[in-house]
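So, here's a batch of structures to check.
Below, chain A partners chain B and then partners chain C, in two separate complexes.
This part shows the complex of A and B:
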C-alpha cells in the first residue's frame, strides 16, 4: 500500500465517519423530538410565571367581593357572573370598551393609510432629506407621552376636540404612524424592485400597480402594521385619559376611576381588566409569526 | 436594494409629514414656548431666558428622578436580557409547541398598561393577592405600599413580567434564522455547548439583541402608567421616575415653565438615544440581503 492509498483510505473512513455522525445527529434529534427534555422546564416555568398573575385576575373576576376580601383562595368557592353582569348592564362601563375600540380603529385606519405611500417612498426612492425624515419619525416613536400630555390637551382644547374619539386617534398617531411606516418599509424592502419595473413595462399605471399588484404582495405586512397600531393604541392610557372627559373615555381610564372611588369593587375591577385582555389575545394568533418583527419596527 | 433618486417621492411622504407635524411639532413648539417664558397668570407671559433650564438642571428633584430612572433601567436590562436569552435558547425550534409558546409569551405585551398595573397591584397585596399572601405567609415582612424596597421589587418584577417576552421573541427570531449546517459543523468540530453559544448563537443574535436592549432601555426610560398605578410614585418619592415626576410637575402643580424645560431636557436625552438606535436599526436593514434576503 502506497502512501497515497493510505491517505485515500483515511479520507474514506473520515467520510464514513462524517456520514455516521450525521446519522447520529439525526437520530438524536429524532429522539429529542419525542422524549421529554429537562431543557423544556425553562419555558414552562417562564410561562407559568407569566400566566399566574393573569390567572389571579380572572380568578378574582368570578368571585364575590366577600370571598375576595376574606383571603386568597385558588379557585372561586362560589363562582359568580355578577361582576360581568355589572359591566354589561351599565352603559358607563361597557361604553368604555366601545369608545376604546372606536378610537383604536380610527387610529389604525389613519396610521396605515398615510404610512403606506410613505413607506413605499422610503423603500424605493432616495430623495432630499430621506434619512433625516426617517430618523425624525423614529424620534416620535421614542418620545415619552408624558412630554406631550399637556401640550396635546391645550392644542385639542383650542380646536374644541377634547373628549372626542378623533382627538385620541390623532394623538396616538404620534407613535403609531412612525411605527407603521417602519414596519411597512421593512416588508416592502423584501419585495424585489423588478416587480415594479415589470409592471411599468406591462403598461400598468402607478395606482393600478400599487393596488392590484403591490398591495397583495405586502398584505401580511399591512396586517402586521395594522395589528401593532391596534395594539399600541389599545394599551396606551396617559394620552387617552388626558384628552377625554366622559364621552370618549377609554375603558382603562374608567377602571382607574373605580380604583380611586370609595368602596372598591374588586370583583368588577378584575372583570373589567380580564375583558381588556381578550382583544389582544384574539388577534395575536394571526400575527404569531411576525410578533418579533413588529416589535422590532420591521427590522428582524 | 438599489434605490433611485427621485424627489417626487416627497409627494408620498407628505401625508405622514402633515399628520406627524400636527401631532408632534406643534405640541413641541408649545413646550418650547413655555420653557423660555414665565407668567404671573392672566395669560401674560414674559421672556425668562434659560432660567427654567438652570432651575431644572440644578434641582435635587430632577437629579434624583433621573438617577432613579437610570438605576431602574439598569436593573431591568440586567435581569430581562439574560433571562430572555435563556428562555429563547430553551424554546423548541419546531413543532406544535412553537406557536403555543409564542402566543402565551406575547400575552403580557398586549395587556393595557394600566391593567398590568392593576394586575400587579392586586397580585402583590398581602390581604387579597396570591403573591403578597404567599410571601407574607412565608414570614417575610412585605408591604409595597409602605416599604420603598418592597415597592421597588414589585415594580421591577412587574416590568420583568411585562417585557421579558419582548427580549425572548426577538432573540428567538434571531436563533431560528441560524441554518442547521452551522450546528452540524460545530458538532463535527466537537464544540462544547458554551462554544456553540459563544461563537454561533451569540454573534447571530447580536443585532437582534442590540435592538432588544435599546428598545427595553428606551421604553423603561419613559415608563409611566404601570408604576403609577401600582405605587403612585411612592412610598414618598421612591418610585417616582422621570415621566411620573414630569406629569406631577405639569398637571399636578401646574408649574408649566419648569415642566416644559424638563420636557426638553428629557427629550434631548431620548433624541441622543434614538440616534444610537437609528444607526443600529438601519445597519440591520443593510445587512439583510447578505443573509440571503429572508424577509
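This part shows the complex of A and C:
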C-alpha cells in the first residue's frame, strides 16, 4: 500500500514537473517570437472573415430599424432590446423555436434509434448485398431535398400528416438515418467482435449485452450521430416549410413573415437569426471533443 | 466428455475445418498445436458453439450440442487479444458471468476476490481494463474464465501477446488453476515448446485437419507422418531426400550413413529423413562413432545467448541447426554438421512415418 502511495506521489511530482517545463517552453517560445508573428495574421483574418456576418447579425439585432437603414455602424448608437421583446412576447414568433426544437428532437431520437440496429447489422454481419445497401444509404444524401418535397407533400397529405411535427421529423429521416448509420457503423466497427462473443459466452442475452456492454463503448458515436442529425434537421428549410402550415411551422419559415406592408422589420429578423444560432452552439459545445472523430466517421 | 464426430466447417466455399474427430475427457489438458491459419481458432469456435459446424456432430456428456448456441452452454474462452468489457471495472468484468447466472452477492464477492488474488489483480479491482497493462488485462480475462466454473475452458493463444517473463509464469500456473475446476481444458498455441511444457495431450493441426492426437511427448517423439513432425518442430524440421540401399542411406551432395538398428529392417527404396535442428552439431571429419556427416555452406548464423542458430545451404536445400555455445562462423564458411542416425525420423515417399527415432529423445 505504502509502495503504491509513494509511486503515485512520484508520478504526481513528475506531472507537475512536466507542466512546469511545458509552461517554460511556451514562455520561451513566446519570447523568441517577440510578440507578434506575421504568420498569425492569416488565421486571424480568416476568423474575422468568418465571424463578420455573425457579428453583423448580432449587432443589428440590438439596433433600431432607423439605425440599420441609416448606414453602417460597428456598435449600436442606441442599443435596444425591443427586437428580442417582440419575439419573446409574440407566440407566433417564439412558438417557431418550440416547433423547430420539437421536430428536431423527434428526428434525432427516431434517427438514432433506427440507425443503431442497422449499423450493428452492417458492422457485424455479412449478408447478401450488404456493401451495396450500405452505399445506397449514402446516396440518399446526394439528391437535393427539393426532389422529395412534392412526393412527400402528396404522401403526407394522403395520410393527414401535413402540419404535424412528426411529418417533418420523418421527412428529415431520409437524410439523417443514412448519415447516422454511416457514423455509427464506423464507431461500432472499432469495437472488436470478440467483445460481443465474450458477452455471449458469459451468458448475456442480446438486449442486455447491447445496452449494458456495447452502448457505453459507442457512446461518443451516438453523441456525434445525434449532433449531425440535429444540425441537418435544424438548418433544413425546404421540406420543413413545405410540410407545415401553422401548427408546426419552423422558425426559419416564420422569419420570412417579417416582410409586411410596412416593409421589412430588419431588427426583429436579426434578433430571430441570432437566436437561431444558439441551440446549435449549445449542442456543439457538448460534442466538441468528438466532432473530429465524427467527421472521420469513427474510422480514425 | 466432449466428443467431436467428423466435424467439418466451410465458409463461402473455403474449408476451414476438415473431418475432425476428437475425444476430450474431463479434467484433461489438451493442446491444439498448429501454425497460424491451421484452424485452431475455427476449431475452438466450433467447440464453444460460437459457430455451428457444416457437417458432423458435437456431443457433450452424451448430449448432442451441435446446434446449441454458446449462451446455453457452459464454456469459457480467452482470446489472444485482450478482450474485456472496457466500460466496466475489473471487479465487474470478473463478476459478469456470475451476475448473469444470478448468484447471491456474497458468493460473487468471494469468488471474484479469490480469482483476483490468484491472478494478482487484487489491487486493480476498481480500475477499468484500459488502465491496466497488457498482462493485467489478459489476467482479467483469465480470471473471468476461471470464476465461471465452466465445463469447457478454451484458451486461444492466451499468452502470445504477453512478454516473456509473464508468459513463463502464467504458463506454469494456468493448467494448475484450471485443473482444480475439473474442466476440459483446451489450449491453442503455435509454439511446439509451449505444447511440450504444458504436457497433457496434444492434437497437431494442419490445414484444418487433425494430423495426430495423443500424449504430447509421444506425438513429439513418434509423429505419425511428416506433416505432424513438421508442425511439431521449431525451428523447422530439416528434411532430406535419401535412398536406402542395403544397410546404408545415400543422399545428395555425398551424404552417406549407416542405418541405425531400427531403420535396418526397412525395405530398400526412397525415403525422406527428418532431422531436428538441435540434433545437428558441429562435427569432425573422422567418421568414427556411427555419426553421419553433412557438408554445408553457412548462409546465416544467429547467436541467441547460449545457443546459435546456423542456417546452412546444401545445394538447393537450406538446413537449420541449433548448436550449443556461441559459434563464430561467417557466411560462406564451409562446415561439417553431424547427427546420429538413430535420432532421425524416417518417412516414406507417401509422408507416413516409416521408422521413428529409436532413441528416447530429450525435447
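Note that in this section the second predicted complex is superposed on the first by the 249 of 300 C-alpha atoms of A that agree within 3 Å, B and C clash if a C-alpha of one lies under 4 Å from a C-alpha of the other, contacts with A are read in each partner's own complex, and residues count from 1 in each chain.
Convention: a contact is a pair of C-beta atoms (placed from the backbone, for glycine too) under 8 Å apart; a residue touches a chain by one contact, two chains touch by 3 or more.
All of these numbers come straight from a predicted model, not from anything done at the bench.
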item	value
Combined model on chain A: chain C and chain B, fit or clash	fit
Chain B versus chain C as contact partner of A:286, first or second or both or neither	neither
Partner chain in contact with A:270 - chain B first, chain C second, else both or neither	first
Residues of chain A touched, compared between chain B and chain C (which is higher)	B
Chain B versus chain C as contact partner of A:213, first or second or both or neither	second
Contacts of A:60 with chain B and chain C, given as first, second, both or neither	first
Touching partner for A:159 - first (chain B), second (chain C), both, neither	neither
First (chain B), second (chain C), both or neither touched by A:199	second
First (chain B), second (chain C), both or neither touched by A:234	first
Smallest distance from any CA atom of chain C to any CA atom of chain B, in Å, after fitting	8
Residues of chain A contacting chain B in one complex and chain C in the other	192
Residues of chain A touching chain B in the complex	18, 21-22, 25, 33, 39-43, 46-47, 49-54, 56-57, 60, 68-69, 71-72, 74, 110, 113-115, 117-118, 120-128, 130-131, 133-135, 137-140, 142-152, 154-155, 170-171, 173-174, 177-178, 181, 186-187, 189-190, 192-193, 231, 234-238, 242, 251-253, 255-256, 259, 266, 269-270, 273, 276-277, 279-281, 284-285, 288-289, 291-293, 295-297, 299-300
List of chain C residues in touch with chain A within their complex	48, 50, 69-71, 75-77, 79, 81, 83-88, 96-97, 100-101, 123, 141, 144, 148
Of chain A, residues touching chain C in the complex	4, 192, 194-195, 197-205, 208, 213, 216-217
In the complex, chain B residues that touch chain A	1-13, 15-17, 19-20, 22-24, 26-28, 30-31, 83, 86-87, 90-92, 95, 99, 101-115, 118-120, 122-123, 127-131, 133-134, 161, 164-166, 168-170, 172-174, 184, 187-188, 208, 211-212, 215, 218, 221-222, 224-225, 229, 242-244, 246-247, 250-251, 256, 259, 263, 266-267, 270-271, 273-275, 277-278, 281-282, 284-285, 288, 293, 295
